[in-house]
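Multiple structures follow.
Shared between the two complexes below is chain A, which has chain B as its partner in the first and chain C in the second.
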Partner chain A sequence: MTSQLTLNVEFGGGLELLFSNQRLHTVSLPSYIPQNLNKSTDGSFDPTQRPANVTFLLNWLKQNLLKEREELFMDGDSVRPGILVLINDTDWEIEGEGDYVLRDNDEIVLISTLHGG
Partner chain B sequence: MSCENAPDSTESVMPRRRRVAEKGICIKCKTNRGRIIIRHAVYCKECFPALIKTKFRGVLDPTVNPSNENAPLRGSLKAAGNLLIGYSGGLGSTVLLDLLRLSYLTPVDQAVGKGGKQHPKKGGKPWNRLIICYIECGGAYPDAADRTAEVEAALESYKGDFEFLPLRLEDAFLNGDDAVVDLSNEDLPVLKRPSAATPLHQLKAYLSSLPTATSHQSAISTLIRLILHRSARAHDCSHLVLGTSLTSLSVSLINAVAGGAGYTIGMEKGEELIAPDGGIVRLVRPLREVTMKECAAYLRWRNLSVIGNKRMLSTPSNGKESIGSLTKDFIFGLERDYPSTVSAIVRTCNKLVSNTTGEKPAQPGIREWKERISIRNALRDNEEISTDAPLEPSDTLTEDSLLLSPYLCYACHTTLISRSSRGSRKTSSLGDQIHQVPLPMWVSENLQASGSRQRRQEMKGEIQEFLLDADDATN
Partner chain C sequence: MPSRPCALCTSATAILKRPKTGQQICKECFFRVFETEVHNTIVDAKLFKPGDRVAIGASGGKDSTVLAHIMKTLNDRYNYGLNLFLLSIDEGITGYRDDSLETVKRNQMQYDLPLKILSYDELYGWTMDKIVEQIGKKNNCTFCGVFRRQALDRGAAMLNVDHIVTGHNADDIAETVLMNIMRGDIARLGRCTLICTQGDDTIRRSKPFKYAYEKEIVMYAYFKKLDYFSTECIYSPDAYRGHARTFLKDLEAARPSAIIDIIHSGEAFELAEEVKLKEQQTCKRCGYMSSNELCKACALLEGLERGIAGMGVKERRRYENETTPSNLRTTSIPLFPGSAF
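Here is the complex of A and B:
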């Protein structure tokens, strides 16, 4: 069991402007959510180890790669409305949204629709 | 039993409805695994682009042929003039360009179809020229970079089939006759004041004189729309297409209602712009049935890219949000959580019918209506509100004030004189600037034309009893 996951993250639709104007990022994440971030739905810390999911990835991106205007990327624990998320070329609504368990070499694409018409 | 407010006084937020999509096969081909869900229907990556193209052509094709008895045979498309494409570098216009190229630039000899009168081949350009018009708006924002070169480079692959027409927002103040308006007076008197200011300076002066962030955004949108209209006429275009998606259209419709332009939203489904020489330009939004989410997926799977706009990262002017930005946040949230609601907004507005034709009309009596619906002054006991008749405009645009107010719709009048953050106009921090605000060039053109029409009508009224009927003249 690997302790780290390698993920390919791509930003499009102008969202790359928030991430150093770089579209493609290869990130390395722990396979399991660190204990200090592992919260249950009621806000208490969950003692069971949970595998890294998309919600964890989004917060990691916010903490480590996002350079400005956090409110244009995140809305709470999810992406701001208007951002399409594709997990391995599939709509994340089909894959379980933030609860999708990440696997090694997954491709996550985030496309903003906020650049309008 | 009474309906009472909930005892909890904290702000209530509608809980986000979690949507659980079913994994499954494509609803169209029934074979491939579904990759995207659009309003409860799942599509595969192969069927999805064709779906978007079908929606696109379903809106645009019926508008191509001129509606007259000499129109080409059903099945073949031939427009009366050229095509102007409004391009901003954003998501909708990028998708629009790709769909135009895919749909209409197939050479006739490679087109699908048996040929002949009964089965005409569906290929070839319906329009003689296809012109991509980009309007640089950097002049409206402080320290904004000029993106024209970047846009032209991004459109390199379209050269040969499309022409590129770069314009600027300050072009609205080119060739003006130095008409200025006094925004401190609600009647909006228009005067002529010679000015050596460049069009860019005049644009900045105009926008900085507007009272609110909403006015600023609304004015820019209006300038863009009218520059596109005039460019379409100038280049003999029969069609003007914009990349407005279903989501964007919903935003602009709700925005229009919030800004007081509800009178004209029935026209948003399509306008016919009639030029002075009688030529018609049809304004079409072929992506009006395609959501932003669909545009984003199409962008990805067709390997297209938008031109990032750093102005999107700038904070709103004066730190205050506009009605437009608040509406956008609301509608985008709706699309995520309740996607059918967004299309319901557009369908409902489509049912509205305008009782006028031509360009966006101005409902009469705006001043009187505003007087009736708002408290303008604190009244003493037994004091009645004055109901004097509105001031009439004078005949010519001269040093004597010509009043702009009677010729404006509610939304435009409010854009110029909204009573909000600017405070009292007499004590405005803008000083004398507010008394001589430059106007776009078409304002005085239209005022003069309106004045001429009014004079002709008045003269005709005076001699009406002496005019012969057409039948009497031939006898």
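Here is the complex of A and C:
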């Protein structure tokens, strides 16, 4: 596996307002979660290298692209309830949600439903 | 057989997990079940008859855009025989409503439906921007909701329609049930789960999306590439409904069927005999239906005109020894058609 992944991220439903008002972003992510961020579910640092997953991507977006109002995007390690996530045009609930292992050129779409209809 | 087959047709790959049923289904099956369920909702509740003139409350947002698309699709597919219109209300919220109205105008062209736009300014002499300037950021939705409800009725009367449909979805209705419980609003609790409401002087109003999950509406719009406007109203962050919405979203995450279940609970509520509800009257000033001498809109407007914050917002007796000054603008609100005046 190459050391970096290229991913196409799209924000919709108003979420783009938190990300410089830009809907489409191309991001470059390490293929493996860096050791200092590699935590197991019990909070201890995992010695085995884990491939980058969607949870890692979400935190990366929060750290690097999110401009304001963190609480409107994430709730803990996942998206705020009411934000839908699609991986390659598929509901992330089918793909394993945060545990889905990212592949090069994957398309991730994040749509907020939290607005008037 | 694909690696993750659709639970319904088994031949295509599943792309969506339905919150209602937990089934994993493919795109075409999703379109079909979503559309068919709305059709069944309409037929089971006997909402329409051939020849009905139906106004679709259209804001340019996700629910009303999908509603316009679905109503047109079902009307053609199942020959409902309806005359469809788009009816839009301009509350006068700069940067929010003016942008979403552009979306409605695009919808008008895409679905080839006649469009009528009515504004608070022309009806009441007040825009939401001016109202909020006067009363501050509290109770904004109270004013807006009351005025919009009446504005839709007036617009529908102008178009001579038999029926208004709005895009309220299952999430909205479940939130409303929770809110009415939290506020002890018994009268509304009894009405808010009705799929179709009608007063003596008002036009029938239905919610075909009553059982449609917000997630599915958004997914339908996404996969069908329907164009909608999506920003939070700038006055909504302080709204009480936000609390109910957050709570409901958390409940849904833990157990997706919670939304439908709350609606079923709401439908099953029966009022204890001792609970007294106010009888319906007509407003002394404009003739619209009302639980009190003045309808809510006229009460709110009087408060605005006289600069009394909070007047009409809560249920309260009118101040003792009050006479209404004769130069108030409220006396020029058009009388509601069909009233006794």
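Rule of thumb we're sticking to: the second predicted complex is superposed on the first by the 117 of 117 C-alpha atoms of A that agree within 3 Å, B and C clash if a C-alpha of one lies under 4 Å from a C-alpha of the other, contacts with A are read in each partner's own complex, and residues count from 1 in each chain.
Just so it is clear, a contact is a pair of C-beta atoms (placed from the backbone, for glycine too) under 8 Å apart; a residue touches a chain by one contact, two chains touch by 3 or more.
All figures in this text were calculated on a predicted structure; none of them were measured in a lab.
Superpose on chain A as described above, then tell me if chain B and chain C fit or clash.
clash
Applying the touch criterion given at the start, work out whether A:3 contacts chain B, chain C, both or neither, answering first, second, both or neither.
neither
Once the shared chain is lined up, is A:21 touching chain B (first), chain C (second), both, or neither of them?
The answer is first: A:21 touches chain B but not chain C.
If we overlay the two complexes on their shared chain A, which of chain B and chain C does A:68 touch? Say first, second, both or neither.
first
For A:48, using the defined touch cut-off, is the partner it touches chain B, chain C, both, or neither? Pick first, second, both or neither.
It touches nothing on chain B or chain C.
Tell me the contact category for A:113 with respect to chain B and chain C: first, second, both or neither.
both
More chain A residues touched by chain B or by chain C?
Answer, by number of touched residues of chain A: B.
After superposing on chain A, which of these stretches of chain B ends up overlapping chain C: 3-11, 381-389 or 435-443?
That would be 435-443, the one stretch with clashes.
Check chain A for residues that touch chain B in one structure and chain C in the other, and list them.
12-14, 17, 81-82, 84, 86, 89-91, 93-94, 109, 111-117.
Using the touch definition from the top, list the residues of chain A that touch chain C in their complex.
12-14, 17, 81-82, 84, 86, 89-91, 93-94, 109, 111-117
Show which residues of chain B lie in contact with chain A when the two form their complex.
Contacts found on chain B: 18-19, 21-23, 34-37, 42, 45, 88-93, 242-245, 247-248, 287, 292-293, 295-297, 299-301, 305-310, 312-313, 328-329, 332-333, 335-337.
Provide the residue numbers of chain A that touch chain B in the complex, in ascending order.
Residues 12-14, 16-18, 21, 68-69, 72, 80-82, 84, 86, 89-91, 93-94, 97, 109, 111-117.
For a test of understanding, state which residues of chain C touch chain A in their complex under the given definition.
Residue list for chain C touching chain A: 4, 13-17, 24, 59, 61-64, 167-169, 172, 214-215, 217-219, 222-223, 230-233, 236, 245-246, 249-250, 252-253.
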